[in-house]
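Structures follow.
Next come two complexes built around subunit A: one with subunit B, the other with subunit C.
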Partner chain A sequence: MNVKKERSAIVVSGLLIGVIAVGLVVLGNPANMGFCIACFLRDISGAVGLHQAAAVQYIRPEIPGLVLGSLAMALVKKEFSPRGGSAPISRFVLGFFVMIGCLMFLGCPFRMILRLAGGDGNALFGFAGFAVGILAGVFFLNKGYSLKRTYKQPAAEGGVLPAIMAVLLALLVFVPGLLHFTEAGGGPGALRAAVWVSLAAGLVVGALAQRTRLCMVGGIRDLVLFREPKLILGFAAIFLAALVANLCLGKFAPGFAEQPVAHTDGLWNALGMFLAGYGCVLLGGCPLRQLVLSGEGNADSAAAVLGLLVGAAFSHNFGLASSAAGPTDAGRVAVVIGIAVVSVIACANTFGKKQ
Partner chain B sequence: MEKLDARGLSCPEPVIMIRKAMLSGGTGYEMTVDNTASKENVTRYAQHEGYTVTVAEKDGEYTLTMTK
Partner chain C sequence: MTCIATFYSHFGAIRFKKTCEGMGWPARLMPVPRNLSSSCGTCVRYEGECPAVIPEEVEQIAVLEGEGYRPLYRAENS
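This part shows the complex of A and B:
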């Protein structure tokens, strides 16, 4: 694939993904939340009873869709490659704290773009923090940060997370009575597109993201590291398409106050996304990319996804997640601890690796 | 020809590795990677730096030969 083709492929995919994201809102998802990997993993965490926050419990079919869409594309393109063994527990912990940061801000990097495209000015603070967090991660990459190499694994190992996703989907469709669901009118968890619509959207976006290597963190990272614009083009295309779609549908509402599923504390919006950006660079990709890599058989990314899920459960069990009213004191403490822990992981795998 | 082993590493590490090697001078490099994303990214970077890249695949591993 030549550079021009690669770039046009990611731009076209990004445009399509931006439109799909707004389409999901039209069809029932919460506003500016056509996709949010952090929010949707948090909802899944609640649906299986890992937390009891009644407002955010649902098996979001977009998540299994993303993993299985990536799996299908990887199989077709002969890129399904089970591997693992690159610091899985460190990745779990990084995933855990990336989620703490995302739930401080109320969204993953993907939703941050969608919030910007919906006119939510608070996401500008998030974006600023996110960019600085990426720079912090890039500093360590330049100094030699590495979680060491992966090794080939049996096919079964690479298939575990996709299998878990298939089981979640099966539970939703066949035995929903086992699960916890937000009741109608009870919060964002109750706002959802039809199961098949969400699943189809997830499958398509998962397949496109697998082909194009789309990554919200990789855009700024590669631009700074190598002056390589490919991934940032995908990021920009999603923003542009979602912005135009929101404008056309009258869903663009510029401002700071009373934005959907958002708060107005600029400092903590920025610090939450600082932690998310920082942790994601050390993981090698944003939460979406971790799901997509899991679909390709990457067990290390699967460990990060499990860290995200458990981080979401802790966030709601211990009152760390923000709400429209703003951040909590416990959440502020958790973000500061997260930045410290991520820094320890960064230092240990940069300066301590030569022994 | 300097040989670099980036098997098991995922991006951006292989690209950082080849960038560091190229910055230290030299005209030819042979790098082994074991995933397509790394193959694409290293190829793109080397081409951008003015190298001619040839790729040989064997058992899921790619050997990228970069010359100027």
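This part shows the complex of A and C:
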């Protein structure tokens, strides 16, 4: 596939993904939340009892769908490649704090695009912070940052996270009594498309993201590093398709106040996404990309996904997550700590090793 | 011949590019081509050959042949 074909493929995929995201909202997901990796992992964390925030508990089938869709595509294309051993605990910690940042903003980079496409002006602050966070990460990349090489692993190691996802899906379908569910009218966790619709959407988007390497962080990173717009075209295509779909369906509501599952504190929207962008560059990709790489057998990305999941639980157990009322004091402190911890990891893996 | 080298880190690519230029091989940094790998890291495209001594940061080196690639080197256990 030459560069021109790669660009075409990612634009077409982005357009399709944007439409699917708005379609999920039409079919029951929360507004501007057709997809949100952070929110959906947070809901899963609650569904299995890792936190007790009753408003956000549900096994979102989109997440297992993304991982299994990526796995299926990787198997078909003979790209399933179990590997790992590149600083898994550091990746877990980075994933943990990326989630703290996302839940300060109330969305992952994917939802940030969908919020922009829905007219949510608060996401502009998030986008600005996200871009600056990526630049901070790129600074360390250029100075020598590395979490060291990966090594080939047994197939079973690469299959662990996809297997966990399959089990979560099986619990939802066959033994839902074991899980926690947000009651009807009880919050965003109660707003959901039908299981099979969500699963199908996840499978399709996971497969497309595996083929195109779609990554919300990689788009800005590659533009800065190489002046290569390929990945950011996917980003732009999702925005464009979701914007047009929202306009056609009367779901575009420009403004700042009373946006769905959002708050209006610009500074902390920006700082939350700064932390997310910064951490994601050091991880090598956004939360969506971590799920997709896990589906390809990357155990290091699986460690990052588990960090995201545990970060979500901590966010709700310790009152770190924002709400429509705004950020909490504990959340502000956690974001500052997160920026410090991510900086320590960046410095230790840039300057604290033999060159 | 036109070669593509992929790496375990972005900085490894920066250093390899300088090595290539030191040997008089024109080189540039770019994203890894999709048909070479599903990884989204940094590669070096250069006009030269497989170096006699390959830095440990190099994951693989392939030579461009038409629309495809012929592998020249792959790091052990990668």
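We take it that the second predicted complex is superposed on the first by the 354 of 355 C-alpha atoms of A that agree within 3 Å, B and C clash if a C-alpha of one lies under 4 Å from a C-alpha of the other, contacts with A are read in each partner's own complex, and residues count from 1 in each chain.
To be clear about the criterion, a contact is a pair of C-beta atoms (placed from the backbone, for glycine too) under 8 Å apart; a residue touches a chain by one contact, two chains touch by 3 or more.
Source: prediction; values computed, not measured.
Set against each other, subunit B and subunit C differ in how many residues of subunit A they touch, and the higher count belongs to C. By the touch criterion stated above, A:Phe174 is placed in contact with neither subunit B nor subunit C. Contacts of A:Glu79 after superposition: both subunit B and subunit C are touched.
When the shared chain is aligned, subunit B and subunit C each come close enough to touch A:Leu225.
When both complexes are aligned on chain A by C-alpha atoms, subunit A residues 1, 3, 6, 79, 81, 83, 86, 141-142, 146, 148-151, 213, 218, 222, 225-226, 228, 230, 284 touch subunit B in the first and subunit C in the second. On the side of subunit C, the complex with subunit A involves touching residues 8-12, 14, 29-31, 33-35, 38, 40-42, 56-57, 59, 67, 75, 77-78. On the side of subunit A, the complex with subunit C involves touching residues 1-3, 6, 74, 79, 81, 83, 86, 141-152, 210, 212-213, 215, 218, 222, 225-226, 228, 230-231, 284-285, 289, 296. If you check the complex, the residues on subunit B that touch subunit A are 7-13, 15-16, 19, 34-37, 40-41, 44-45, 47-48, 60. Looking at the complex, you find that subunit A touches subunit B at residues 1, 3, 6, 79, 81, 83, 86, 141-142, 146, 148-151, 213, 218, 221-222, 225-226, 228, 230, 284.
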